[in-house]
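Common to both upcoming complexes is chain A, partnered first by chain B, then by chain C.
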Partner chain A sequence: MKIEQKDYTLELLDDHSGASLSGVLRLASPAAYEQAFEPLRKALPLGPAEGYTLDIAKLTFMNSSGITGISRLVLLARQLNKPFVFVVNDAIPWQRKTLASLQKLYPKLSIRAGV
Partner chain B sequence: MTGSIAVLAGAEDELATALLERLSSVRARRLLLGAEPIAPPALLEEHPAVLIDTLPAATRPGYFSAVAQSLAAAGTRVLNAPLRLGQEDAFFLLSLAAARGLSVPRMALLPQRSYRANEASLRALAYPFPWEAAARHVGFPAVLRSADAGGLASASTVGTLDDVLRDHLTTGEQLLFLQQWPTAQLHVRALCFHGEDPLLVGFDPLRSRASAHPVPEGVASRVREAANKAARLFGLDAVALDFAVTDERVWLLELSDPLPDLRSSLYGISVFSQAVEALATRASALTLGTTRIAPSEVAPVFAEALPEQAVPEGTASVEISDSSALFGGETLAPVQEEPPPPPGFEALSEEEVPTEIEEPPVEEAPKRYGRKGPDGATLYGDEVAPPQRGRPLSSMTLRFEPLDLIAQWARCGQTADFLANFLSHDLERQETGLIVLSTVLNELVENAVKFAKEKRRRVTISVAHWGDVIAFETSNTVELERGEKLGGIIERICTEDVEALFLEQIERTAMSDQGASGLGLITMKKDYNARLGVRLGPTTDGAHLEVTVRVLMDVEQVEQQ
Partner chain C sequence: MTSGLRLTFAFEVGPVAQTPREISGALGDALQSLLTTTHSEAFGTKTNVAVTELVTNVLEHAGEGTGTVRCEVALEANTLRIRVQGDASEEQCTEVLQRVDTLSTATDPKALLRSTLKERHAKRLKGGVGLLRLRAENGFSVRAERIAQQLAITVEYAEGGAQ
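Our next item is the complex of A and B:
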């Protein structure tokens, strides 16, 4: 399933094993992210036990409301005890910095360099 | 009809409480506070003789309006209903006042910027609109004010037709009119409670602020005369009239419902108490039947304005000099003086626009919680004085209205991208720098827009590149509580383990949608070791509380070397 918005694209794998987020995500509030990430929240419990992979390597910008949105996904994965893998782009500094902090919330969160 | 008095109040209940105290010995048997459920009129055991409705027109729920209207229809005298004197009728009411001989500065109704209608239904709209004729008719300085919401406090002051066209660009579907702004020696608000001597207060209508200066007696008598004339004309039980007093005339600028704003904090205890007394006297008189309004009479619209005798003899009807029906108001000689600064420009007039970020007032001892600066402002966080050497390599200041960015949220990011692009030209690693700068700037712009108390008052964002340091600064109006909360967060960011603070805020915002989590500021410290400082203090004109956030980043961090 592919959800294309003006500034960003969310593409979900049909087997619920992962998704990719690309473009620019600067929504106005955490509530707006709840709506944008709803398909991810639905997919997360359905996928394989090995875990869920979210590829953000082509996501150039995300604001702090988005950090809240992402961390809610991480907390959901923690609740489901499902490993969560982020694919990041090391040319985009905020990605690894943010996710490295979130690893402290959930040790089964791992970060992999992509692109 | 029972002869009781009911008071309808919402969140602001100082007036309701004072009225009930004052009326306790009379006949105020019923209090309908907003917090209590109000039964539909058909289920009420008894109808009050008088309902004093203190809810503001702009935010009152429709249910209360319907209750008040049906009580009025059943014979209750609802103060000012069915005419709700919000500011939504400004153009109509002022046109009526002008037509009945009151001095009203000249007005020109303007076409809306956009319409929710198809083209065919707009055929009657003159196109192109005669902007120059409208501007000539009105003259400058003038105010661009809303005809259907907000009142003068949301008006902008304009000095040229270019100003008008520029401000009009962003007004969407709002209906506006242009009105000449007389250069007045004094602005006075008259609080009229039917037949009582009006209470006079020095009052700045553009800022909705009373002044402590007493109104000189010579001016007072002229204002009283104009106020009584207007109050008779409209036949309202309670009305606030704003006047501009010049040597020649007393100009009527605005009519509004005085009740929602009748607070001691706005007018002072003395005027507030006198107003309560006058209002209570009026309500009692209506209840006791000592007025000439029969209980069976449905509350009138302009009850005393419509009959011929309501207009004092000798009052000339106004001459409308322009043939266009779009224009109203009275002939007024063009005023040549410089226009007053528009609201929002006082702090940064053209002469004062900083070409570089000025040094902030920073006290010796750093990192004390909410320390006092030398100018009385409160400072939080790190020391954030920019390097003391020459001029920055490059700098820029942007001013904008938060409302425009709220209306189109993508503009926050666009503003950040623009400034980041501007700064990144001086960097070695431009691509990385661009992402880091835009990420930080976007948080600052979003915060300024979200925190700004007045969404039509301009906020500023400045950037300056000092070689090895880049400085950012935003300034916006703020409510005291939010400003102090922000200061507290900054103080924690600068003194505590920022990684732990990040996780604490993540856990907290996971549970609730609080806008002021400070997560954006935390990441500036956590990810880029930025220095953060906040200044909370009055604007230069002293009229508003302003928060200034300053962020200093090492270029090494920006380029991630």
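Our next item is the complex of A and C:
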């Protein structure tokens, strides 16, 4: 499933094993992120036990409401005891900085370079 | 990078209630383009993050929405200072002043960011991590002051300097 918005695209794999987020995520409020990430929250429990992979390597910007939204996904993965993998782009500094904080919230969160 | 070059920029828009929320991102992007032509890439990206977060905060919380949001950016001698000012209620001022005091005095801002994310998730609270992110992930110092019926937030980043 592919959800294309003006500034960003969310593409979910049919087998529920992962998704990719690309573009710029600068939604105005946490409530807007709840809505935007709803497909991810629904997919997370349905996928394989090996884990869920979210590729953000082409996501160039995300505001703090988005970080809150992402952290909620990570905490949901923790609740489900499902490993969570972020694929990042090391040329975009905020990605590793932000995710390193989240990694301490959930030890089964891993980060790998995708570009 | 041309570290000897001074640059100042001021922007004011209002009334807040009629201002499109997208303006914060557009302003952040424009300033990033401007600053990366005169200074380092890091200054550009940090300015984008800070302006986007701070202007969004004012647009979301600026009292009745009849006032303006004012944003000033100054770059001098490798120090970047961004100040954003707008209307705020007494209650908002008190809350933000307390929050800024907590994050300014935190010995481990990254740990504070993590615990805040966890706490706000548990209590289903919205937002509240923008200023923390500026401090913990971008190395800004943060201060807040009440001026009459307004709240001003100033963030400062020194390239190569201690924060």
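By our rule, the second predicted complex is superposed on the first by the 115 of 115 C-alpha atoms of A that agree within 3 Å, B and C clash if a C-alpha of one lies under 4 Å from a C-alpha of the other, contacts with A are read in each partner's own complex, and residues count from 1 in each chain.
FYI, a residue touches a chain if its C-beta (ideal position, glycine included) is under 8 Å from a C-beta of that chain, and two chains touch if they have at least 3 such contacts.
It should be emphasised that the depicted structure is a prediction, and the values quoted were computed from it without experimental measurement.
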Do chain B and chain C fit side by side on chain A in the superposed arrangement, or is it a clash?
clash
Of the partners chain B and chain C, which touch A:Phe61 in the superposed model: first, second, both, neither?
both
Kindly classify A:Asp15 by the partners it touches after superposition: chain B alone (first), chain C alone (second), both, or neither?
neither
Just checking: does A:Glu38 make contact with chain B only, chain C only, both, or neither of them? Give me first, second, both or neither.
neither
Which of the two partners, first being chain B and second being chain C, lies in contact with A:Leu75: first, second, both, or neither?
both
Look at A:Glu4 in the shared chain and tell me whether it touches chain B only, chain C only, both, or neither; answer first, second, both or neither.
neither
One more residue to check, A:Ala91. First (chain B), second (chain C), both or neither?
first
Indicate the residue numbers of chain A shared between its chain B interface and its chain C interface, in ascending order.
24, 26, 28-31, 61, 63-65, 67-68, 71-72, 75, 93-94, 97-98, 101-102, 104-105
Report the residues of chain A in contact with chain B in the complex, numbered from low to high.
6-7, 24, 26-31, 60-61, 63-65, 67-68, 71-72, 75, 91-94, 97-98, 101-102, 104-105
Can you tell me which positions in chain C touch chain A when the two form their complex?
21-22, 24-25, 45, 48-49, 52-53, 56, 60, 110, 113-114, 117-118, 120-121, 126-130, 132-133, 136-137
Which residues, counting only chain B, touch chain A once they are in their complex?
409-410, 412-413, 431-432, 435-436, 438-439, 442-443, 446, 499, 502-503, 506-507, 509-510, 513, 515, 517, 519-520, 523, 526-527, 560
Can you list the residues on chain A that touch chain C in the complex?
24, 26, 28-31, 61, 63-65, 67-68, 71-72, 75, 93-94, 97-98, 100-102, 104-105
